[in-house]
Structures are given as structure tokens and as C-alpha cells.
Amino acid sequence: MSLTLTAARRIIEVAMQTGRQAGWKPLSVVVLDAGGHVLSFDRPDGASPGRFEIARAKAYGAVMLGMGGSAQMARAEAQAYFMAAVNGVFGGQVLPVPGGVLVRGAEGTVIGAVGVTGDTSDNDAAAASAGIRAAGFVAEA
Amino acid sequence: MSLTLTAARRIIEVAMQTGRQAGWKPLSVVVLDAGGHVLSFDRPDGASPGRFEIARAKAYGAVMLGMGGSAQMARAEAQAYFMAAVNGVFGGQVLPVPGGVLVRGAEGTVIGAVGVTGDTSDNDAAAASAGIRAAGFVAEA
Amino acid sequence: MSLTLTAARRIIEVAMQTGRQAGWKPLSVVVLDAGGHVLSFDRPDGASPGRFEIARAKAYGAVMLGMGGSAQMARAEAQAYFMAAVNGVFGGQVLPVPGGVLVRGAEGTVIGAVGVTGDTSDNDAAAASAGIRAAGFVAEA
Amino acid sequence: MSLTLTAARRIIEVAMQTGRQAGWKPLSVVVLDAGGHVLSFDRPDGASPGRFEIARAKAYGAVMLGMGGSAQMARAEAQAYFMAAVNGVFGGQVLPVPGGVLVRGAEGTVIGAVGVTGDTSDNDAAAASAGIRAAGFVAEA
């Protein structure tokens, strides 16, 4: 099982809608496949120009480490030098905060990750999870 | 005038549709803003995993140099060391072949670029231009 | 369908054996998954220390570009600046010569790639293909 | 004396088996030679895609600094900026936690290092040490 573009677009649509309905700042959303490669991305009008890099780094860390952004943040707070070193290993492309959310398929396998950025990290993660669930998958924040 | 997400999605939709109707291989499409930053991207099912990087490098060179991919290719063929050095300047993120197409607004200003990859470079460029025109802008391949 | 470690070990075993039986120099062999990430690798006694990087770069380019090393070499010979620029896009991790071979599953999808280095590029590619076929997959050199 | 591929395979086999028998999460295992270069690696089914990079960074730091991961961690906790700076010196490829274990031969010389990742850092180190001892060498965690 792998993420289709149709599923990725559904995730992005619902994640952005979740933010708009809640009155949050504009959310940028990326969907990566199980290898950490970009499937789809949208940056809404008014978002700052670096949102793609931030969204991708949240999702990329989730895929490569097999853990969501909240778990990464807990590790970074407990052992800062560990997450700093992990980041060196992955070329500085890991952002260990909520908003990077693993996508698990029916049988529990990781089939990709979603990265959301724009509002608070917790709201970003909530929007990502809403999108993932709407597309029929299990979200691990 | 700047590219909205709505316009970017229209460009991607028409560029991908152009390829499907012509029976080309699956096309991946990125839209960058006037600063070379990602607005939107789609990679269709069955495309190889590195398509985002290729599409972005086609469009990024167009924005940063202010010239379309076809013009960049002519320069690379006439003076290979020049484009190699330009690439050093821009961190290796410039791919000087057709498929990177500038987007010009009503008054002629560059408001972004589109990068398409998947079929031959010339077909990639044709799909990008079709998308740009469908969104009401002028394409410079 | 994805490559298991058992299949990867079978590919490596047969590829190395192919070289030994033919009297070639010691072959180093890497197997990557469909996202370009390392599954398994062996470097035999007497091989030079940089063999992992070479094997991986052959296989990595195959996965990311969706084309085998022989096709990449043809492109590099026809249009040197193109493959040089592609390499910049992928962080200099692409080695466009025979020995990087795509692994296709039953339904034709790319499920990984094998990189072999140690003898001539053509012999490297032949050993990779022998390993892939022995594991029940289709090799695209 | 140097590590042979046969010894490296024995180390990997026993390290992975140690984890399976103890019911730990799937362990990925790399073996580096005395120059820090990859000899052999296996990533089991179900492990996250970035395991090679993590395993290698654990082992690479051990070889380059001549100290095991546990000693590196003690230093990182006492003097975080020192290990951060060391990482700059080695291109960000050092992960200073347990699981990177030096391999010493009969006469005490360092002949390589093993990196294990997948379960807790302490379990990773225990599996590495078990593999090294099974192959007839002395482990320095």
C-alpha cells in the first residue's frame, strides 16, 4: 500500500480547511511518500516564502526517524545534543516539533508523512491529523 | 501582481492534463513564485521519486536567471563552463533544459516560473506553457 | 510489493558469486529500496575503501531518475552538462555509468535498485542483473 | 589484523539475533573498518528508512574519535559544545550515543566499529557487543 496523489490532495484539502474553519493563520501542507520524497504541496496566499522548507523538514524527520514531531520534540527537550546530531546525519533537514505527522496504512505500516506549518505547532499537528484521518489513514503525531 | 495559489493549481491541473491527453509519461509539475520559492507541486502515481527536485531545479534556474530553460540550454551548449559556474553560484540547484518556463503577468513582469518533468524536455515545456496560458499569463519557455 | 531483506541478501550473494566464478575483481554490492535508502551492502576483502559510496551512487541515480546506469551513461555522453546539473540537484550522489540497475517487481513497478562496483562497468552491471533475476525480479540495466 | 567480510557478517547475524531473541524492535547493523569505511550493513523489514545513516553515524564517531558511544555520550552531556564542534569537524556524521561500539583485535588495536540502531540506545549497544564477542573480538561500548 502506498499513498496516491488523490489521497495526498485530500489530506492537503482537509488540513487547510481545518485551519480556515478554526480561524488559524494560513497553513502550508506537504505530503511525503514512505521514502521521504515529495508527493504534493500547497502554500496559501499570504504565507511566508520559506514554508515549503519548514513543512518538508517536519515531515522528513518523521519518515526518516519513524516518529512523529511531538515524540521528536520530547526527545529534543530531554537530550538536545542527540537531536542536533541526528540533524547533522540527515543534512540539517529535520525539524523536531509538532506538525510532522506519520501516515500509517490499514496494516500499520508507515506509508508517508504530512508536514504542516503556519499556526502554532500544536494546531499545525491537529490540522495534519485531521487531513490524514479524512483520507482514511491513521495519524501518529 | 503575484501568483495566487488558485492560479498555481490551475497551471498544474492543465499542465498534467495536457500530458495525459497527449499520451505522454506522467508529468510532475511545480510552481514557484517571483522569489523562486515553492507555491505548489504535484507528483502523479508512477513517477520516479526524484521528480520534485528535477522540476524545482528547472523552474528555479528560470526565476533566478530570468530566462526560460530553452534559453539556458542554448547557453549551456555554447558555453558549458558558464552554466556550470552559474550552478556553483546557486548551490547546484539549476537544471538548464526545456521544461523550466517563466510566468509573465499582464505588464510583462516575471511573477514566477513553472517546472515540468516526466516526458521529453520539449514536451515538458509544452505542458508548462499550456498551463501558464490557461491561467491567463504569458509563458516564456 | 517491496524488497525484503531476504531478497536483498539473495541479490548480493548471487551478484558476488557471479563475479567470483567469472574471475572478476572483488565486487561490492548495495541494494536500495524504492525510496533510495540502503537495505543491505557487502564489501569483500581486498576491495578499496570507497566502494560503498560508489555502489550507492550508481544505485541511487537509478532510483531517483527511474533509469538504469547504461541509460544514464548514454545521456551523459550525449549531453554532459545535463547529467552534471542533475548531479547538483541530487547533492552529487549520482554516478551515471553501468552497474546501477533498477529492480522491477511482477507488475513492473520499480521496487529498488542494485549498485555493483569493482570490475569493468559492464561486468558490474551483468553481476547486478544476475542477482536481481535470481531473486525473481526484472533487471533494467 | 583487519576485519574480514566473514567476520562482519557474523557480527551482524548475532547482533540482529540478539535483538530478536530479546523481543526488541528490529535492529539495523553496520560494520565499519579501521578507516571508518563501510564493510557490511543490513536493515530488517519494518525498520524506518533512515537507519543506515543513524547506524553509520554511531559507528563512525567511534572509529574517528577512538571512543565508544557511551563515552561519547558522557562527553556530550558534560560539554555539549565540544561534541557539537567535533561534529562540525567530521561533517555532521557523528552520533554520540550508545550503540556505536569499537572492535578491538587480539593485541588491543582498533580494527573497526559496529553501529546498531532500532531499540533503546543501551539495548542497541548490548546487541553490538554480543555480535563483536561472538566473532572473537573485544567490544568497547
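In order of appearance the chains are A, B, C and D, and numbering begins at 1 in each one.
In the analysis below, contacts are C-beta pairs under 8 Å (C-beta built on N, C-alpha and C of every residue); 3 or more make two chains touch, one makes a residue touch a chain.
The chain lineup, named per UniProt: A, B, C, D = Glc operon protein GlcG.
None of the values given here were measured: they were computed from a predicted structure.
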Chain A (Glc operon protein GlcG)-chain D (Glc operon protein GlcG) separation of Cα centroids, rounded to whole Å: 30
Interchain centroid distance [CA atoms averaged], chain B (Glc operon protein GlcG)/chain D (Glc operon protein GlcG), Å: 44
Using the touch definition from the top, which residues of chain B (Glc operon protein GlcG) touch two or more other chains? 49-50
Which category does the touching pattern between chains fall into here: line, ring, star, complete, or other? other
Let me know each pair of chains that touch one another. A-B, A-C, A-D, B-C, C-D
As the complex stands, chain A (Glc operon protein GlcG) meets chain B (Glc operon protein GlcG) at residues 4-5, 9, 33, 35, 37-45, 49-50, 52
So in the complex, which bits of chain A (Glc operon protein GlcG) are touching chain D (Glc operon protein GlcG)? 34-36, 63-66, 80-82, 84-92, 109-110
The answer for chain C (Glc operon protein GlcG) against chain A (Glc operon protein GlcG) in the complex is residues 33-37, 91
Note which residues of chain B (Glc operon protein GlcG) are touching chain C (Glc operon protein GlcG) in the complex, please. 46-50, 53-54, 57, 76-77, 80, 83-84, 87, 91-97
